[in-house]
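Here come two complexes built around subunit A, the first alongside subunit B, the second alongside subunit C.
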Partner chain A sequence: MRAVFSLLYKELSYHRVYPLDLISLAISPFFIVAPFVFVAKAQNENLQLAVALGLIVWYWLSMFFWGVGYGVRDEIEEGIIESLLATPASIRNLLAAKAIDTLLINLYITAALMILLWLLAGIPFHLDWAKFLLLFIVSNFALASLSFVYAAFVLVARQASFAGNLFQEAVGILSGMTAPVSILPKAVRWLSMLIPLTYAIEGARKVAVGQFPYREMAILFVFGVVLLLLGVFFVQKAEGYLRLTGTTGEY
Partner chain B sequence: MRAFISLTLAVFRNLSRYRSEYAGSFLGPVFWVIPAWLIVRYATIDAFGVNAFSFTAAAMYFFIGAIYWNYVEGIWSIALGLRENMRLGTLESLWASPAPRLSMIMGWSTGRLLGTTLHSLLAFGLLSALSMIHLRDLSLANAMAVVVVIVFSVLASYGFGFVLVGLTLKFKDAESIISMLGNAAPLLGGILFPIKYLPAPLRLIAYSFPFTYGVDALRGTLLGSQTILPLPTELGLIITMGLLFPVFGWIFFSWIEGKARKEGIGAF
Partner chain C sequence: MIECEGLTKTYNVREKPSFFSRGKERRITALRGVSFSISPGEIVGILGPNGAGKTTLLKILSTLLLPDSGRALVEGVDVAQSPGLVRRKIGLVLPSERSLYWKLTAQENLELFGGLYNLPSRKVRERRGVLLELVGLSDFAHVQVEKFSTGMRKRLMIARAMLHEPRLLILDEPTSGLDVQGKREVWTLLRNLATQQQVTLLLATHDMEEAEIVPSRLLIIHQGKICADGSPADIKALSSYKGWIVVDLPSTFSEHDIELPDGMLLHSIESIDGRSRVYISTAAPQTDMPRLFRLFPNATRVERQDISLADSFLAITGDRFENDDAQEEDV
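Coming up: the complex of A and B.
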């Protein structure tokens, strides 16, 4: 556990050294989300909140994918993965630290996004904040677990940004990021049901209409547990593969 | 010229070495178009001022915005290429070589522009195959207007690119600035929606953002949508930008580069 906290301290120190990154993290997501929110505004103002929530939740996945899953490449590119592997700490510790850091960043980004969307796009986020926070925690748990599986893939495949981009964007579309899953062709709708993000987005939209997303949270929790077990297993295997083949420096 | 050719080839060698990384970028425009199109599909209300508005016209509206932005961003990303060289520790040796700076920058960007053209065509092919978009009959005059908009927008974009390269030399975490500017531009340039829907303060910035008129003129020409200014005025504005921006950008870059040579560029 001490290793996780030390690595988390390293991740947090990065934000102190590069303060412009923190400003960018507060502002950049708005610029990515807002064009779609304004498309919704141009169509029908009532759609804005649903689209905004879908994109905010999708952004959580994006942060986990690049911060945790692909984030493991930072250490590889910087040439410190070998030193890390030489210590008793494992890559799982590193991923856990990155996941906690990303969870905090997601909280920060969500707050910044909601404030900016309220100020600049006039979206009133009249949410039950306790319900939303609960959904945030369960969703982030499921998405972090998914990013562990992707991290294992990154460690073995090395050139994995294509797969990451494709997966993240395709998952966004399939999970109803900008419009409900119900308008997707029937042939792909079953895929949506297999993606945890679908339930996180549905849950957020339920909170927006005053409902408690019990069902979505339960499904997300199950996804989280299963994916975490799978992720830890695959990362362990990938770490063993790295140690065996000596490919830590290749990317 | 030799430096330009060598660096262009280096970009292609990089692309061939990391093929899977590049393969993903052709899906970039697709992932702008589909999520926006799904909103339209869900709402099914005309708000874009395009004649005979349909789902196809909406998809084409988004596609033109996404492709236009891809070209602009492709040139801006030369600053990220410079940053990558800084990170890998190869910039100093490159900078110490007798190769002209302009050749270097043009070499980095030419490869990217050709790459952007290729993946724009691939994205067009994919979306056409899905029957989401189609190109209307294009007259010679309109085709000329499209060429003028693209060529002068690319030139204007070089002006911005030079400034961003200068900023990268100046600031240790220039990636954040570039990323913020890069992310803000599609919103302010109305890449996916008419800028009249922006709130007043952002609309003001959007009107002073040059590429807003580029994408607007392109849509006016290809889709017959209503433009912000009369089309000839927008074309004149884009030509002026294309001629002036590179000059101002180069002056800024040369000034920063002179300072960097004296003060060093290693702090990042």
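Coming up: the complex of A and C.
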């Protein structure tokens, strides 16, 4: 755990070095989310809240993909990955630190986005905050685990941003980010059931209508555990592949 | 301290693909059955031309790379079987100065790596003070690494590698990119580490001065094989030619104009302002000097020069470009 906290401290220190990035993280999601929210507002207020929550939750996935999955490339591009691998700590420690950092960033983005949507788009987030926070933690656990699997792919493929983009966009549609899963073609609806983001979005919308999303949180937890085991397995395999091929320092 | 037996490593390298083909794959042999051992406290230099296999060997020893076959042990622990244990025993200094977090300060870099070695916070605080003092960076503890000169970064990398008090320090070209002063600072630092803290040093270099000054023992690696092993003086003695004789002549000569007696080899002729400087390598410079005085009665200078490590190294390794081709095969 000491290795994870040391790496987390490094991640947090980098935010201190780039304060403008923190400001950008608070503001720029609004400009991505706002067009969809205003279109929904033109329809009705309930849809507006559902779309806003869908997009906020999708943003969590996006941050994990870039911050954890693709984030491992930061160390590769900086040229420090070999120095890290020469210590007893592993890439899993690095990913865990990046996951905790991303969770904190997601909390920050969510708060900033909700405030901006309330002030600029007039969306009242009357949520049970305790339930929402619980859902946030379980959802972030599942999405972080998914990003571990993507990180293993990035370690081996190195140029994997195309796959990350494609996956996030497809998952966004399939998980009911802006429109409910029920209106998707039957042929692809089963795919939605295999995506943790579907349950995170559904859970957020349940919290918005005053329900406790037990079922969604249980499913997300199971997803989190299974994906974490898979992610750790694949990252271990990827580390072995890097040691075999000697491509650790290449990008 | 280190035992290597029959280490081999090949890489598959694919040529850049075209639109219609995937590109031909080549197998490059980096190491061919490398065996050697290093005792505790030794300072060993691995000397070889680019592409000789130095970095591959160091990466295997530092657990970053798996050998295809053979075995490497660090203090009796197999690097392939127990990489985690080996990592606690070694400190690694990589050639790239980018192997530090540039946005963090020197102190933050050391604290981070102390955490990665799972050292208690108190121990890290102690060690960082001692090490920053040792590498002469105490006054720069709170300065971001990006503000450092190359020499300062290299010294910080050595401090970082020593954080967990390893008994073996592996250094890959520790002075690459440094000016003469910077190199000398690092050499002094390394010698002090070896003598004062009994750290075993294994450093790869292709800097002849470094290879002559720092290590007490050299392994010459070429085409993935160890082709010479001994002290710098032993390596020099391996060359069949024991020295140079430089002859300055008052007019220009070509190679065809000069016929040398047996035991001497015409190395090269430089023409400067209508005069010639002839370089002759010889197995017995002491006895050949009078013969050359007789052969060139007009010579304005006949002077003996000792063979350098570089001369001997080139004699041992030959033409590396010719030999590099021999290491590749199509797959």
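Everything that follows uses one rule, which is that the second predicted complex is superposed on the first by the 251 of 251 C-alpha atoms of A that agree within 3 Å, B and C clash if a C-alpha of one lies under 4 Å from a C-alpha of the other, contacts with A are read in each partner's own complex, and residues count from 1 in each chain.
Following the convention adopted for this analysis, contacts are C-beta pairs under 8 Å (C-beta built on N, C-alpha and C of every residue); 3 or more make two chains touch, one makes a residue touch a chain.
Computed from a predicted structure; not experimentally measured.
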| item | value |
| --- | --- |
| Which superposed partner A:Phe31 touches (first subunit B, second subunit C, both, neither) | first |
| Which partner reaches more residues of subunit A (counting touched residues only), subunit B or subunit C | B |
| Which of subunit B and subunit C A:Gly210 touches, first, second, both or neither | neither |
| Which of subunit B and subunit C A:Thr87 touches, first, second, both or neither | second |
| Residue numbers on subunit C that touch subunit A, as the complex places them | 9, 11-12, 56, 59, 62-66, 83-84, 87-88, 90, 92, 94, 96, 98-104, 108, 111-118, 160 |
| Residue numbers on subunit B that touch subunit A, as the complex places them | 18, 20-21, 23-24, 27, 31, 34-36, 38-43, 45, 47-48, 171-173, 176-177, 179-180, 183-184, 186-187, 191-194, 197-199, 201-202 |
| Subunit B-touching residues of subunit A, taken from the complex the two chains share | 18, 20-21, 23-24, 27-28, 31-32, 34-36, 38-44, 47, 51, 120-122, 159, 161-163, 165-166, 169, 172-173, 177-180, 183-184 |
| Contacting residues of subunit A [partner subunit C, same complex] | 2-3, 5-7, 9-10, 13-14, 17, 78-80, 82-89, 93, 240, 243-246, 248-249 |
